[in-house]
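Given below, in the form of structure tokens, are the structures.
What follows is chain A paired twice: with chain B in the first complex and chain C in the second.
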Partner chain A sequence: MLKSGGTILGFLLLVIVFGALRPDVFLSFGNLRNVLEQVAILAIVAAVQSVVMVVGNFDLSVGATASLAGAVVAQLMISGYGITLSVLAALAVGAVVGAVNGYLTAYLRLSAFVATLATMTSVSGLTFIVTNGATLFGLPKAFMGLGQGRWLEMPNPIFVALAVSLLVWFVLRNTTLGRRWHAIGGNAEVAKLSGVNVSLMRFAAFVVAGLGSALAGIVLTSRLASATATSGDSYMLLAIAAVFLGMTISKEGQANVGGTLIGVGILGVLSNGLNIVGVSTYVQQFLTGAIIVAAVAFSRLSNKGVS
Partner chain B sequence: MKNTRILAAVATVLASTLALAGCSTGTAAESRQSPGGHTPVVALFTASYATPAVKLGVDMFKSKADKMGWTTSVSDSANDYNKLNAQMQDAISRKVDAIVMGYTSQEKTSLGVSAANAAGIPVFAIDAGVEPYEPYALNVTSDNSQLATLSAQSIIDANPKGGNVIIIGWDSHPGIRLRTQVAKKLFEDHGFTVAVNHQIQSPGAAQEESMSFVQDYLQANPGDKAPVGVWAGFDAAGFGAVQAIESAGAKGTVVASMNGDDFAVAEIKKGGPFVATVLQDWPTIVGDLVSGMDTYFTKGSLPAKNYIEIEGTLINKDNATKF
Partner chain C sequence: MTSDIHQGADQLKAVLSPDDYVLEAVDISKHFDGVFALNGVDLKIRSGEIHALLGENGAGKSTLIKILTGVLPQDSGSIVLNGVPVEFKGVNGARRAGVVALYQELSIVPGISVAENISLGDDMPTRTGLVDWTEMRRVAQEQLGRLNQGHIPVQTMAGRLTPVQQTMVAVARAIRVKARVLILDEPTASLTDVEIQDLFRVLRRLRAEGVAIIYVSHRLEEVFTLCDRVTIMRNGQTVATSDVADTTIDQVISTMVGRNQNDLFPERGAPETSVMVETRSLSGRRLKNVSLAVRKGEVLGIGGLAGSGRSELLRILAGAQRRTAGEVLVDGQRSSGLSVTAALKQGVALVPEERRSQGIILSQSIGDNIAIANLDRIGKWGLTTRGRVTQLATKSIADLKIKTLAAGQPVGQLSGGNQQKVVLAKYLARNPKVLLLDEPTRGIDIGTKAEIYALIRALAAAGTAVIVVSSELPELIGLTDRIVLLHEGRVAGDVPAADTDEEELLTYCYGRAS
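Right, the complex of A and B next:
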């Protein structure tokens, strides 16, 4: 339990501490709903980042892709295109960015770090071109429903995050595609010798990341009722942090959606709890980094101890 | 593998062609001559071109400079001041005729500014400091104290009985830091309690960060404990607060900020919690700077006064339709 459950215990500890400090507020339905709403978009980005990390890579361009997709959907709607067409176009843009990453990494054999760093830079530039550096606003009311509407008293982004997470979990766990991704992450050479088309599988993982990031960007634009060139950028590091936190839950140290969601939960509870308790932003930033390091280090030390 | 190599080669050629095309477009735009035949070369540096207000001012300057016939380059370091100082050194090596600092912090650019001074290149500035600074030939800036006073006063006027207010600032920016200090003092002088002074971590995502913070604060302080006002140092943060207030259904909490961004004016027109913003007068700020630079280029004389503050205009429900 201690070996694989240290991060879960940490998460529960955070809930208990904040619950004890402000029991009337922190554990209320309204606040838990707030936490879920605030982490929903991060959960989408982190879930698709998990896919790339399962195959042994990572994608630095997810935040920039979210910003670009958000900008594209907003700009198209402002230009008079319908909501469906605009959303589809933004998703397609995300898929193209993912395909470029996949091609550079899987077929041109560039390191994922270099390829996605370069893509992130170019995509950020494209987003500035799309927005012209301005804040895009004045979006159709019907579009706001995606990010601001509620169903069963719960904000819609939570359902989108839940659907994406379930889908990624199902694919990774129950499909041939998922098993091949895991096989590549375990040992790409062995997977290749077993007949797996490693390049194609890797390419597909990046496309999924691009598509999911674009969806996150669309939801973000709807939630904020506006789009800027940098609105989704901060999700990249948070998503990677969430996946790393989640990896400590797996005995094999592999990326997994369940663990990623725990990681997302830790980041969300930490931010919400510290806000409610009234801790300053600067201290919050320090504590977030310290807790990530502590969780990952604790897990590593536990694993060493066992082996 | 052969196909892959061919594709990579084609991609490289295309990217290079695009880059060269971009360069050639820039050269064509910069080839205009001033009536006197001499084309002053101006290098503008900013660290925050991603911010709407900064982009507006920088683009306005570039446009006016182009009309004056100057050859102007714009460099953005994306909040990397080490890079910005290095870029300034490059411009000094190129022997530009003048340097313009766009919305930078004077504490972080002293290396580049001193080098420019040593090389005899005058340094002009748009909104780059909140007090007179000797190394600048001219800094034309918003009157940050006035901006803060007008916006904070809107919250005070909306709440004659006083109460708690939240401040959302970004102290890394000297102008916003000064605004925050002025607003805080004004609130306290009028018997208000500043319940919390929240600092934005990532200005590029200020709207979402502000929304989440105010959402959490309202959750922890519902009903009568809710603040009567949220004062934000810039419009994006104010907009996020408005969305949190509307989402929480908090009645009686008003928001005021400054910049005069389009989305803020649109919210004020709706008649919701957003009660005021203050429009920064960029046409006057940039116009005064260009005028000062033109005098230098044509007559060789620098302005007698090197620091000018320009007042902003309050926008509230009474006049929002005019903007």
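Right, the complex of A and C next:
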């Protein structure tokens, strides 16, 4: 009980502490909307990272893929292609990176660590080629609506993140595809002997991660109205951290979208709250690492107590 | 007053008795997840004896050994070493006290030298904090010499030795710290007859030095040639201890089983004449040119030694492993043999050998586990609902009498027998035409065994063709209609189960039949 509740309690505790320290600033509607806006893009990456982690792998290239897709969409629009075409092309680039990861991992049986570390490196290189090392700007106004516009007083990226999360949640829970992914993550050999096409399903999970990362990169470029070669890189570690935090909430210790969103929330509140209180970003980074270790170690310990 | 005197006298007797026990387990209990693995176990070991510990799979032998060697703590009861109650702190604590176990597979590290293996642990010889290689080699030579195994080169990588030499190295390592009690778990599983005799010579030598040896084995003939006394376990309890000279193999078997084994098996049925599954010159990894046919309603047994290709035959039929030549016909249709999915669609289902690593996902619920093999049937347009998963699970729980609280209970919490029923349920829910069972009753209790035998017969009576692989010959004889024996991947014999015996089957298994 304590175990599954611990991470949620920690989340609430953070909100209460920051709320008590600076009630006027932290708890204002404007700031809470800020937090949501700041974490929306991370939430997209973390949701698709959850899929890969349900299957029992992880993808180190999601951040680099987001950067690449953001750069591609910007460069294409600057070169005069239409918004729709540019966005579709950037999504396709993400899917291709995911397909490469999936092929290396599922069919060539490389470890996901090696395969996605390698693609991360190459993809980063490609992004520098696309951007030529410069910041790309001067994007069409209409494209900016995606990242900067609002609907019902809320920034659009929040709705994109919600839609992606809901979709991933639904697929994982209510489709045969989702049950197959869960089975592979539980025990790939059992899944294979139960008639699950393990390689194909694993491949699909990486394609989903590539697509989702690309979408996040596109939204990011729109929000920043520009793209650089490294804009999305930081999402990789944060997304994995969010999924790990979320896994501590599930009874079986499995990746799950609900938990991942709470993990994203913790990281977002922590960064925003510490900013408001006036803690430097260096200390923030240190604390983020410490909190992940604490949450995962705590859930391991109480897990041992149960069995 | 008098009782005090008596008590004092008893204590004195206990100290002075020549019948001293070096190791005693007193009223040891241990449970996992509320299920008793050991329930009040008593075991008394004298120094200088070889004491056989026997029991069926799941009787509690491994758990007891783990407790005796400090791997697991007991829930209650005590361990007494040389008359003194002790509490071992981990494996190293037990080792320092002189209680050492040797496991068949885990006992040596193949990638390091023989000398290093013998000194492995917390007692590696050092000089000024660095490894003292000279001393380490000397110790290794000394210990191997003690076992009359001085010819084993101590600087060779242990992995390059023969199986019996590896066992000798493990024994040398065990006796390097003054072992008072040496526990051997199935030490002869991978040894040839000649090698077994070598090992026995070493064990008798150690016995003469006063070492107590606990010998766990399923090979009763060995036990009767080697051991002095025998203790039999059943359902987590020690049920009998006696001198080997005072008992017989038959008595030991009926004590282990707790009832006459023939009562376990249902009556044979009458197979139909039409063939359900047929292989023609089938070859693959470990399998050479196997042709056989199984009729509707027939239960075919497959026997053979480990590595004879038994499991591979089933895996090829189930699409889990590729064939290299030949063909398979299921109900007259050629099978592609490309994937498990294709085989399942054709009505061929394999209940795999290793329950925990191949059959079920321990962390997931009964419902989810059963659903995995049936997603193509319970899903509509790719969607599946909790309701439909639970519905299927509830039916299986009722049909197979799975003892559980709810369909949502994680499979890891069930007993071995009920876990096996979940594996069966996964595949039976598909109503297969051909059911392949690889060691379907390994490690489960006798009651569940009888249920599974009855279930197999009922399926056959309904027209299913069943192929059972088992390493237990009595099971093959009692359960099946016909037994095919494999030897080095080829069919070595094909006999009706009703008029054969273990001896005949073994001659086929060893490829010795004319």
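Everything that follows uses one rule, which is that the second predicted complex is superposed on the first by the 307 of 307 C-alpha atoms of A that agree within 3 Å, B and C clash if a C-alpha of one lies under 4 Å from a C-alpha of the other, contacts with A are read in each partner's own complex, and residues count from 1 in each chain.
By definition in this document, a contact is a pair of C-beta atoms (placed from the backbone, for glycine too) under 8 Å apart; a residue touches a chain by one contact, two chains touch by 3 or more.
The structure presented is a predicted model; accordingly, all values stated were derived computationally and were not measured.
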When chain B and chain C are modelled together on chain A, clash or fit: fit
Contacts of A:Q254 with chain B and chain C, given as first, second, both or neither: second
Chain B versus chain C as contact partner of A:N197, first or second or both or neither: second
More chain A residues in contact [chain B versus chain C]: B
Contacts of A:F128 with chain B and chain C, given as first, second, both or neither: first
Contacts of A:S61 with chain B and chain C, given as first, second, both or neither: neither
Touching partner for A:Q75 - first (chain B), second (chain C), both, neither: neither
Minimum C-alpha spacing, chains overlaid - chain B and chain C, in Å: 11
Residues of chain A that touch chain C when the two form their complex: 174-177, 179-180, 182-183, 186-187, 189-197, 252-254, 307
Parts of chain B lying in touch with chain A, wherever the complex brings them together: 4, 8, 49-50, 52, 55-56, 59, 196, 198-202, 204-205, 207-208, 211-213, 215-217, 219-220, 236, 239-240, 243, 247, 261-263, 266
Chain A contact footprint on chain C (complex, rising order): 33, 318, 320, 339-341, 343-344, 350, 352, 357-364, 368, 371-373, 375-376, 379, 382-385, 410, 426
Complex interface listing, chain A residues touching chain B: 22, 25, 28, 30-31, 34, 37-38, 107-108, 128, 133-135, 137-138, 148, 220, 223-226, 228-234, 271-272, 275-276, 278, 280-282, 285
